[in-house]
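First chain written, first letter: the chains are A, B, C, D, E, F, G and H, and each begins at residue 1.
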C-alpha cells in the first residue's frame, strides 16, 4: 500500500478533527495499518479554518505532517481557498456542495457531494455531518472498512446516538461515486 | 612598603567591622595607599566570631582576602581560639587582656593591652572600645597616621560623639608599646 | 468619538468565540473611556495572558500584552514611572487570582492608581477549560471531571481583605451599570478592582450544562442582585453586585512624590 | 516529655539574636504540641527561608526547610499525599505575605488542613531589615530610609478575605494564650492561620527606636487588646488579638477522598 | 454615549458571530436571527433605540446610527 | 505543661543570651541580670513557679525544675 | 485489536507511562501544549487512589511534588516553556535535596509567550542550566508514542535510582500527534521502586550519606526517622553547614552521581549506522523528520544513518564521538539554533564536519529542510 | 582626598555607576549578597527624582522595570541566585519585546539556597540559558570596583543600543569587598541615551522594524505613538503573528543583533600577554586571584599572562582564540565546575591544552588553588 496523506479541513464546529481521529484510529486498531493524526492548535484553530492531518500506511510513519495530500477534504469555502493548492497532482479533492464552490484550477479528481443537505434531509441533525462525510470518504478511498469505523464509533459514542451515526455513515457511503483508484 | 595583611576578630557587637573599614578608608583616602576590606557575612557572622580582613599596600591589591595575617587582632577568646593559628610567623598579635587569655603557642610578637578596662575607666562608654583598639593598632603598626583616622571619623561620626571617639583613639595610642618593626 | 475610534479595526472580527462575554466587557470599557473623554495617548492597557488578555490587541491605546498573571506588576512599573497616565489592567480570573493573586493583593495594599478589571468567566478559557480559583465547588472543568472540590475565592472579599480602596462587581448582562462602574473605577484615585462576571459559553458553559451564551446571561440576570437589596435577604444565594468599597486613601504615586520631596531637600 | 525532648539540642544555643521573638514562638509551639501529645513522627514542619524559617533545624520532627515564600506549596504536597500527618508551616511575614502571599491565600481557599504560623516581626530579619508587607506606614527600614509609604496588610483581614476557616492573632508577650491558640489551630480540621507578633530587636527595633526586646514586648502588652474588648472602643488604634474566625468547612484532603471514591467506582 | 434617541441599530454582518444575545434581550423584540445565523433588525418600527443590543453585542457588530 | 507548682527556674547559662526578658517580666521580681549579662534566680523565695520566665525565654534557657 | 493497544496523543502516552511507573501524585498548572497531561491525570489518578492537584502556579506545583515525594510518593509535574522557567528555583531545590521527581516540559515556540501552539526544541540548554548554581541533571526525550512511554518509565526509574529530578523534554509535535501505543504488560518494563533505608528506628539515619554503590536510601516523611531537608549546603544528616570539606564533597557528589553514570543513563537509538558516511543526529520530533530523510535516501542508495538521542543530559559525548568517527559529515537536526549541535562539536575531534539542519519559524521541520543542508554539504547548492 | 574618590563596597560602585548612567527606576526584592544595591538606591534614587520600589518578589520586580522602561525610563533590578531563577520568565519577555533593562545578579553559592554568603560563579551558563526558548543575551562582569563601575555604565549603554536586557553577573566577593572607587566626571564615560523615534505623530511607527544600522528607535508609552507590545511572536507593529517568514526573521533578528555584534560588545583586559606561554583566563573576582598569581609568578620570571573577560555573553570566542594561539597551556580560573572552561575549549583548535583551576567549596579561590594546577600541568605534581 502506498502511504496515503489526507487533510480534513473546514470550520471549528464541523467535527473535522473528530472524523480524522476516528479514521486514523480505525486504521490503527482495526486494520493492520499504521496511522498518525495531528491538527492545528491554538487561536487560529479557534477563529479561522481548522485542519487535521492523517497519514495512513502499512509501513512505519516517520514524518507525521501532511505536505502534499493525496486526499483533501474541504468543508468550507475558506478551507477550500486556503488548502486546495496543497493537493498533490492527481489526488482526490472531496467537497460539500452546500459549502464550497470550486473556483480554482486544481489538478485533482473532484468529488462534490451534497452531504450537508442530505444529512439534514435524511437524518435531520447537522451534528453527524462529519460522519456522513467519513462514510463517503471511506467508500471513495477504500482505505478502511466500514466495520472498522463502526467499531470505533461503538467505543466512542454514547449508546443512544449510535444508530444516528451509523445511518449518517451509511448515507455517506451510498453517496460516494466509484472512482478508479 | 610591604603589603600588610590584617585580620580584626571578635564578637558581633564589638565594632570590629567598623574599625576595619575606618582603617582601610583612612589608608585609601587620606594616605597614598591602597586598601581593601572585607568581612564574613551571614548567620555565622551573627552567632559566633566575627572577622574582618584588611590589606594595605602601596601597590594595587589583587587578591582581597587575608590568608596569613601579618597582624591579627583578637578581641574575644573564641576569636583567639579560632584565628590565632593563622598568623604569619613573626607577625603581631594584638589582644585585649580582659577578653583573651593566651593559651596557644603562637610564633608572633604578642601585644596584650588592657583596652577594655581602660576605656571603661577613662571614657566610661564601652561603645568606643573599637576606636581605642584602632588607636593602639596604628600606634604599633604605624600604617596610617592618626590624622587620617580622624578625618574618617569626622566624616562618619555624628558631631556630638566626635570628642569621645577622639579621646578613645588617643587613649589607644598612648597605651601602645613601641615595637621594632 | 465612536466605538470604532477606540479599536484597531483591522483585527476585527475578533478572535473570541461567538457569545463570549469578554467582547461585551471590551465594549463597556470603551464606552466608559469615551464618556470620560480621556485622551487615547494617555491610556495604557496592560494585560496578562488568556482569552481575556487578547483585549490588548484590539484597543487603540498604548497596549502591553505581558505574561500570565503578572499584568499588575508591569502596570505598577508603568504607573509609578509615569503617574500622569491612566493605567488599566484587564485580566482573566486565572490571570488575576490564580497565578497572579499575589500581585493583585499587593497592588491593592499599596493603593497604586491602577484599575484592575477582572474578566471573570470562572474558568481558564485560553487553555481549554480547566478550573480556576473562581470555579464553584461542585462545578465541572476539564481538570475537575468528577466535579470541583476547591472552594472558590470571593474576589470582592479578597480584594477588600487586601485593603483595596475601590471594589465592585457587575456582570456582562448589566451593561449600563457596568459602564458606570468602570467609569467610577477609572476616576477613583487609588487602586480599583472591578470583577465582571463574563460568560465563556465554549468551556464553562459546555461543561456546566448551559445551552448557550444567552442562557448564561439569563443566569447572571436571575442570580445576582444589587448590594443590600431585599431579594438578597430572601435568597441569600444571590450574588451581590455594585460598588462594595469606595474610600479615600493616600495613593502610592502621590506618596512617592512626598518621598522625593523629602529626599531632595536632604541633598 | 520535656521541652528538650522536642528539640535538637546539639544546635543550641540557637542562631537567633538575643531577645528575638522567634525563640519564644518556638517555645510556644513546642508546648502546644506537648499538650496535644502528638507523636513526634507524625509531625512535619515546613518552613520557607528567613530567620523564622531556621526553626526547622531546631525542632525534632520531620523538618523541611524549603525556599523563600513557598513553604505552603511544599506543605500542600506533604499533606495531600499523607493526610494523616500533622503539618505545620512556620513562616516569616515576608515569607508568608510578600513573596509567599499567593500560596497562603490559595491554601486558605482550599481549606487544606495545615497550620500556618506567621512569625510576624514586621521586617525582613534575615536579609538585614528591609520593609515587609507588615511594616507600618511611616515606620523605618533599610529600604525605607525616608519612612515607609506602603500600607501594611492586616493579615487577619486578608486571611479572612481569602476564606480561611481559622484565623487568630497573638503576640510573644502573651505566651500562655499563644500556646492555647496554637493548640486550637493545630486541632482545627482545615486551614488555620495564626499571626504571632514577634520582636526583631536587631533590625525592626533598632530602626524604629525600640531600646530593646523588652521594650518591644511592652509595646505588645500595651498596644493590643483581646477581641471585642472595651479598651478597643476607647482606643481604636489597639490591635486585637484572639481567635477571629473558627468555622467548620469541608477539608481539602477529605474532599479528595470523596473524589477517589467516585473515581474508583467508575473504574 | 452621545447618541440621540432616534437612532436604530446597524448590524455589521461580517462581525456578527450569531450568538443571539441581541435578539434575546431586545426589550422590544425588534431583532431576529436570519437563516445564515446573523442578527437582523426585522422590525425597525418596534425599536426604541435603547442601545442595549449595541452595548451587549460581544462582537461590537452593532452600532446605532 | 505537666509541671508542678513548686518548681523553680533553672537557667542554662550557656544558652542564655542576656536579653533580660525573664527579668523584666517576672511578676515577682525574682530574677536579676548578673555582671556577665546572664539571668540568675536571685530571690528563689519570691518565685511562685508561674512559669512565665520559662515560656518567654527566647532561648529555651529556662526550665522549671 | 488487543486491549493494550490504543490510539492516543503523545501526552496520553506519557500519562499511561507515568501510571505504569507508579505515579501517585501530580501537581500542575495548565499550559499549552502540555495541558492534556494534567487533564487526563485528573481523571486517571484518583481511579488508582493517587492524588491530582491543580496548584495556583507552576512554581508551587513543583514545590508540591517535592513535598509529596518526600512522603514516599512517586511524583510528577508537567508544563511548557513559560511554566518551565517559573519552576526553575524549585527544580534547584530538588537537585540540592536529592528528591526524586519527574518534570515534563512539552516545549513550544519561544522565547517568552512565543508561539504557544508550535513545536520547538528551544529549551534544551535551559533544561541543563535553567536553575542557578552549578549542578547536574538528567534530561530525556523521545520521538514517538512508544518511545515516549519507554523514556517516561525510564525517567521515573532514573529519578529513583539517582535521587534526582529528571526532566522529560518533549515537544508539541510528539505531545499532540496521535498514533498507536502498545501498553506493555505489567513487569514487561522494569519499574524501580524507591530504595528505602533499612536503618532501624532509633538508629542514626543519614539521608545524605551515599552507600558504597553511590545510592542514598530514603526514609519517608512521616516514618520513623526524623531528619532535616534543606536547600542550604548540608551535611550527611541534612543540616546546614558551611564547612568547606563537606561543601566540596556535596557539590561533587551532586554532579558526579550523574556525570559519572553517563553510560548507564544514556539512551540512544541507531538507524543504518553501520556504513553511514553521512550521519544525522537528532532527537524528539525532529528525529522523525531525520528518520524519514534517512529511509528515503537509503532507498536511493545513499549511505546515510541516524543516531537518535533519547538522553540529552548528561550528554552522551563518548557515544556520539564513537558514532561520528567514520562519518564524513554529521548533520544535527533540531528545532532551535544549534543547542545540541554545539554539544556534538564539543564531543568530537573534527568539529568542522558537523552541520546544522534546523527550523525556527514555528512550523515543524520538513524533510526538505534537512535535504537542503545535505545538498549544500555535498556541494550541490541550496 | 578628592571629592570623587570614595571607599566603598562593589555593590555601592554598581549603584554609583547606575546613577551615572542615568538610572531612573529600580524595582527589587532583598536577597543576600545583592541587598545593599536596593538599600542604597532607596536612599539615592528619590534624591534625583527617580523611583525605587520594593516589590512583592523578584519576578514582579523584573516585570515592573520592563513596564517602567517602556515609558522611557532607564531601569534596573538586582538580585542573587534564587531571585535570578525567579526572574527568568520575565527576562525572556524583555528579550522578546526588546525592552532595555539591566539585571544585576550578584552570584552566591548554589544550587538552591546553597551558601548565601559565599562567593561563587555558578550562574554563568544560566545567564545565557535561564529562560525558555532560543534567544541571545548580553552578560558582563568585572573584578574590582573601578571596573564594576565601568561595566555597569556599559551595561546601560549596550542595553539601550541593542534594545535588550543586559545581565550584570557579579559575585559576592566583588559585591562586598570595599576598596577605592574614583567616580568619573560627568561625560568622562559616554552615556548613551535611548534612541527615540523621529516618526511624527499620526505617521505609522514600527516599533519592531530595525533601521539599516540595526537599531530600533523607540517611542515611549504615553507618547504619541500607540503600539502593541507582546511576548508572542509579532510583526513590525508589535502585533501577534504566526506567519512563518515573519517569525523566522524575528528569531534571527533577536539572535543576530547580539551575536552579530560580538566584537563591539566584547570587553576584555590583558595582563602580560605579549610573551605569555602560560595563559590564565578568568573573570569576576576570580580574576583577582588569577592576577595575583600572574604578578607573583612574573616576579619569578615565569612567562605567564592573564586574559580577563568582562563580557561573558556573547562569548568573545575569536578574541579568546587569538589570544590562546601562542600559549602552550591555558588555565581557566573560575568558581564553578568549568562553565567558561567549555566555552574556551570550544573556541580554540587545541582544546586539550586547556585546564581548569577552580574552587566550589564556598571559600574564595586562593592563589594556591591556581598554583596547584600550574604545578600539575608542569608535571611537578600536586
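For the reader, a short list of remarks on this structure follows.
Convention: a residue touches a chain if its C-beta (ideal position, glycine included) is under 8 Å from a C-beta of that chain, and two chains touch if they have at least 3 such contacts.
Everything numeric here is computed off the predicted structure, so don't read it as measured data.
Think of each touching pair as a link: the shortest run of links from subunit C to subunit F has 2 of them. The chain pair with the larger count of C-beta pairs in contact, out of C-G and B-H, is B-H.
Taking each chain's centre as the average of its CA atoms, subunit E and subunit G sit 55 Å apart. The distance from the centre of subunit D to the centre of subunit F, each centre being the mean of the chain's C-alpha atoms, comes to 26 Å.
Distance from the subunit B centre to the subunit D centre is 42 Å, each centre being the mean of its Cα atoms. Note on chain placement: the centre of subunit D and the centre of subunit G lie 38 Å apart, centres being C-alpha means.
Residue positions 42-44 of subunit B are each in touch with at least two other chains.
Touching of two or more other chains is recorded for residues 13, 17, 49, 67, 98-99, 101-102, 106, 133, 146, 150, 256, 259, 262-263 of subunit D.
Counting partners per residue, subunit E has no residue that reaches two or more other chains.
Looking at the complex, you find that subunit A touches subunit G at residues 21, 24-25, 28-30, 34-45, 61-65, 67, 151. Listing the residues of subunit G that touch subunit H in their complex gives 59, 81-82, 84-86, 88-89, 92-93, 95-97, 107, 109-116, 118, 120, 122-123, 125-126, 128-135, 230-233, 242, 244-245, 247-248, 251-252, 254-255, 336-337, 339, 342, 345-346, 360-363. Touching subunit B in their complex are the following residues of subunit H: 1, 5-7, 32-33, 116-117, 172-173, 176-180, 285, 288-289, 291-292, 295, 364, 366-367. Every residue of subunit C that touches subunit G in the complex is listed here, in rising order: 49, 67-69, 98-99, 101, 124, 126-128, 130-131, 133, 142-146, 150. If you check the complex, the residues on subunit C that touch subunit E are 2-4, 7, 12-14, 16-24, 26-28, 31, 34-35, 172-173, 175-176, 179, 201, 212-214, 217.
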